[in-house]
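In the two assemblies presented below, chain A is common to both, partnered first by chain B and then by chain C.
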Partner chain A sequence: MNQHTVKMRELARELLSSGQVSLVLGWEKGNLWYKSPPVFISRVEDVEKLIFDEFCHNNLAKYLMDLVHHSGKIAVFVKGCDSRAINRLLQDNQIKREKLYIIGVPCPGLKDPDDAVGKKQGAEVKNSAKCATCSYPNPVVYDALLWETVPVNTTKAPVEELIAKLDSMTPDERYAYWTEQFSRCIRCFACRNVCPACNCRECCFDQAEPDWLGKANNLSENQFMQMTRAMHVAGRCIECGECERVCPMNIPLMAINKKVARDIAELFGECAAGLDLEKRPPLGHFDLNDPEKFM
Partner chain B sequence: MKTIVKSRLAELLQTMAQDFRVLVPVKSETVSQFVPWQEGLTVNLEGNTVLPPKDIFFPQTEKMYKFKVKGSSVDIEEFAEDVQKQVIFGIRSCDMQSIDCLDKVFLTKGYEDTFYKTKRDKTLLVALACTKPQDTCFCESLGLNPLEASGADIQVYDLGDALGFVAKTPEGEELLAKYASLFTEVNAVPQKVEGFNLKAEVAGIPEKLAKMFDHPIWDEVSQKCLGCGACAYLCPTCHCFDISGNVKADQGYKFRCWDCCMFSEYTRMAGGHNPRPSKKERVRNRFMHKLYYFQERYGQLLCTGCGRCIAKCPVGMDITAIIEKIKEAEV
Partner chain C sequence: MSIEAVKADKAASQENWEPKILVFACNWCTYAGADLAGLSRLQYPPNVRILRVPCSGRVNPQFVIRAFQKGIDGVLVAGCHPGDCHYATGNYFTRRRYLVMQRLLEFMGMDPARFQARWISGSEGPKFQQVVTQLTQDIKALGPNRKLRDME
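For the complex of A and B:
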């Protein structure tokens, strides 16, 4: 067992047995060595399920929205990206800070579970693409930091190259590229449902009246859905890359999200979502100095 | 056994494609699925496709009929569907079993679904035996034989450098006879498939679930589910659909499209009431349907052990682990 796992269990045990929290959100090991799915621990004897390894992809902050009526305090393990989601949810009044015990776990960067498929446990596995451009591996909000912070990786990730490639295309070429990507979408909504920025009480895609999104799977509806989502999470996306990881059709969703984030930064200045609780998202408030190029 | 070297498979498919629409498993950079054969494609003989073949008979979106209001009456016209005779090549035992499930749903119990039937009736199934299980395969636990697909017209075996063909139905015999010149007769014994990573003990599960509707297990099992439809849309047996319309002024058309019991609007009624208000009820329904209701109605499980849901669930929901939990639960 690695030292990280030992520390996680120690703290979880202490928090549960002292009654400081009544629930711990963490990760566990299942039947596949390259997956570490979420686990909900409410009994001290179950803390032995907790683990930390390079496959702890899930952003557990997402579950806090399910638990708004949970009585008692909740401990939640957060990597750097996950912690930004916590700040975002706090800013949107989706969760209450006093109900959380946030345990920061500086993230060394995770491995790509798709690359591990078919391999023996312990085999060499590629780094996860979503972690390659991560500028915030260290939690930005926490009550306890479980181990030493990690250095920030500055290598150029494939998604950056893809954005550069898309930027160099003509509008028609770019349209053709995205048409091909969105034509694959099966509309399973895994991207939306895993996204911590998607916190609407009722998603417009689920509304029957008005029927914003038709149920037919065709390019037009798929484009409408994906573009609406990209614009809706603009400025609130914490770039955890979960949407792209879970897409069963491998649509490069982070290329859109990162591109939009960059456009917003150009217009409104650096404003990475969820870093600073006091700083409102640029599209979530009004400032007299906002650019008004379109006026 | 009639065999053909793998390097000549393209030639066989190309010849077949002159007489049939031939669908083959193909892996691209982004996804693997069954697509119509065309020259230059590489057939993926390794592992199963990410997308199941169900959309060949049951497309995600399918137009049903068009209508036009004329005074107090309405003209209804069906969409003319030009269905060619088709061959699905390289379909695995698990997906063959899923076709058996779909056949039961769409063709039995007193109603035949025309949309499904027209395509199904014109299809010959050339199954491909597996050589080794993928990490998420557990068909063996469900009583399937990865070497022998039930319902196939022809069973194909991967013999290393060659593929062996054995006809299982008169239609299969006919198909092999048609292309006999391409095959060589060789004595060969297919290799056994061993080393399943996942197992599920399903004996007694449907009977036990009959008493577990109100069991606390569903609170626990549903907790981490995100309520997306990746499992259902990648499942070869999930077959729920919704009927919707596209209406402009006095005319329009009706279409049906895949639906998913994980979605909130799946059971939402006019007026807003939802008998499955939270993910607990939805998750319960999913597993009850797969492991109990379907068994009760059709005498078999609505799961084939293909493992696609396990491979792609964003939060690692694992039906084999859930079966284990059901088995251990106290009732």
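For the complex of A and C:
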């Protein structure tokens, strides 16, 4: 058991036994050595389940959406990316800050569970793609920080290379590339369900009237869904990479999200989401001197 | 009809292809501008379908994608000039949203010329004529849109 896990359990035990919080959201060890699913702890004796290792991928902030009617205070462990998700939900008025006890866990970067499939425990596993370019491994909002902050990694991510490659293609080649990707989409909505920016009470994809998204299994509807989603999270995406991680068909969704975020930064100035609660999302306000292309 | 006749019919219809263009016109400026163009007897191509919206800010990104899905070859979103919005600020939001949308469409492999936005006021009948004529010419040059279509 590592030092991190010891610290997590200590704090969780203290918070639960003193009655400061009535629920703790953390990670536990799953059935497989490379899976660390979320765990919901309300009894002091259960804190022994808590762990922190290199497979704690799940963003626990999204689970707070299911707990908005929870009567007591909730303690939640957040990595850097998850803390931006907390800010996203706070800014969207989905959760209340006073009902949360946020425990920051600076994240050293996680391992890719897909790469661990079939390997023996302890085997060499490659790093998770979404952590490769993480600019915010350290939580940006917390009540307690469990251990020392970690240095920020500045290497160029594969997703940046993909965007550069796509930018250099002709429109038809790009269209062919995305056709290939989107034709695999099975519209399971895992990307939406895991996304902290997708927090509408009723999603337009679920609406029966108007029926924005058809039921037909075809490329056009897949494109509609993915493009609509890109626009809906534009300027609000916190770039946690969860959509791409949970996608069962391995569609490079972060290439779209990163590209949109970069366009927005180019057009309206740097505005990384989920960092500053006071700063409104870029498509939620405007500047009189915005670029004028439409005269 | 024989297969040859069907093929000949299809070829003929492709030859006589005319673009379908959808114009989202803001009720307060562009719709009045289009009205003025009509009242002034200004000729413009009949390829445009004008859809009146309360404000250019009403135009949801889904409207645009849905239009391409259902067979529109070009989309124009038109509203009041910045500063002139009937609702004070709607078109500023439109401006931000569609700058991003245009780049997204481009990234997805669409030709950005198929999606445009313009500011046309109620007194700019000739500008409406000119914008619509130019857009129709551009879309004609690009040919029918096959991308994002829900059926061929």
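The working rule: the second predicted complex is superposed on the first by the 292 of 295 C-alpha atoms of A that agree within 3 Å, B and C clash if a C-alpha of one lies under 4 Å from a C-alpha of the other, contacts with A are read in each partner's own complex, and residues count from 1 in each chain.
Keep in mind that, in the parts below, a residue touches a chain if its C-beta (ideal position, glycine included) is under 8 Å from a C-beta of that chain, and two chains touch if they have at least 3 such contacts.
All figures in this text were calculated on a predicted structure; none of them were measured in a lab.
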Please work out whether A:Val44 is in contact with chain B alone, chain C alone, both, or neither, and reply first, second, both or neither.
neither
Is A:Met231 touching the first partner chain B, the second partner chain C, both, or neither of them?
second
Look at A:Ile264 in the shared chain and tell me whether it touches chain B only, chain C only, both, or neither; answer first, second, both or neither.
second
Going by the contact rule set out at the top, does A:Asn217 touch chain B (first), chain C (second), both, or neither?
first
With both complexes overlaid on chain A, does A:Val150 touch chain B (first), chain C (second), both or neither?
neither
Is A:Asn31 touching anything from chain B or chain C once the two structures are fitted on A? First, second, both or neither.
first
Could you look at A:Arg174 and tell me whether it touches chain B, chain C, both or neither (first, second, both, neither)?
second
Those residues of chain A which chain B touches in one complex and chain C touches in the other
214, 216, 218
Contacts from chain A onto chain B in the complex sit at residues 30-32, 35-40, 58, 62-63, 66, 117-118, 184, 186-190, 192-194, 206, 208, 214-218, 242, 245-246, 248-251
Touching residues (chain side chain B, partner chain A) in the complex
29-31, 47, 50-51, 60-61, 134-136, 197-198, 220, 223-224, 226-230, 232-234, 242, 244, 246, 255, 257-260, 263-265, 268, 310-312, 314-318, 320-321
Residue numbers of chain C touching chain A in their complex, please.
61-62, 65-66, 69, 82, 89, 92-93, 95-101, 103-111, 116-119, 147-151
Partner chain C, residues of chain A touching it in the complex
166-167, 171-179, 204, 212, 214, 216, 218, 220-221, 223-224, 227-228, 230-232, 234-235, 256, 259-260, 263-264, 267-268, 282-283, 286-288, 290-295
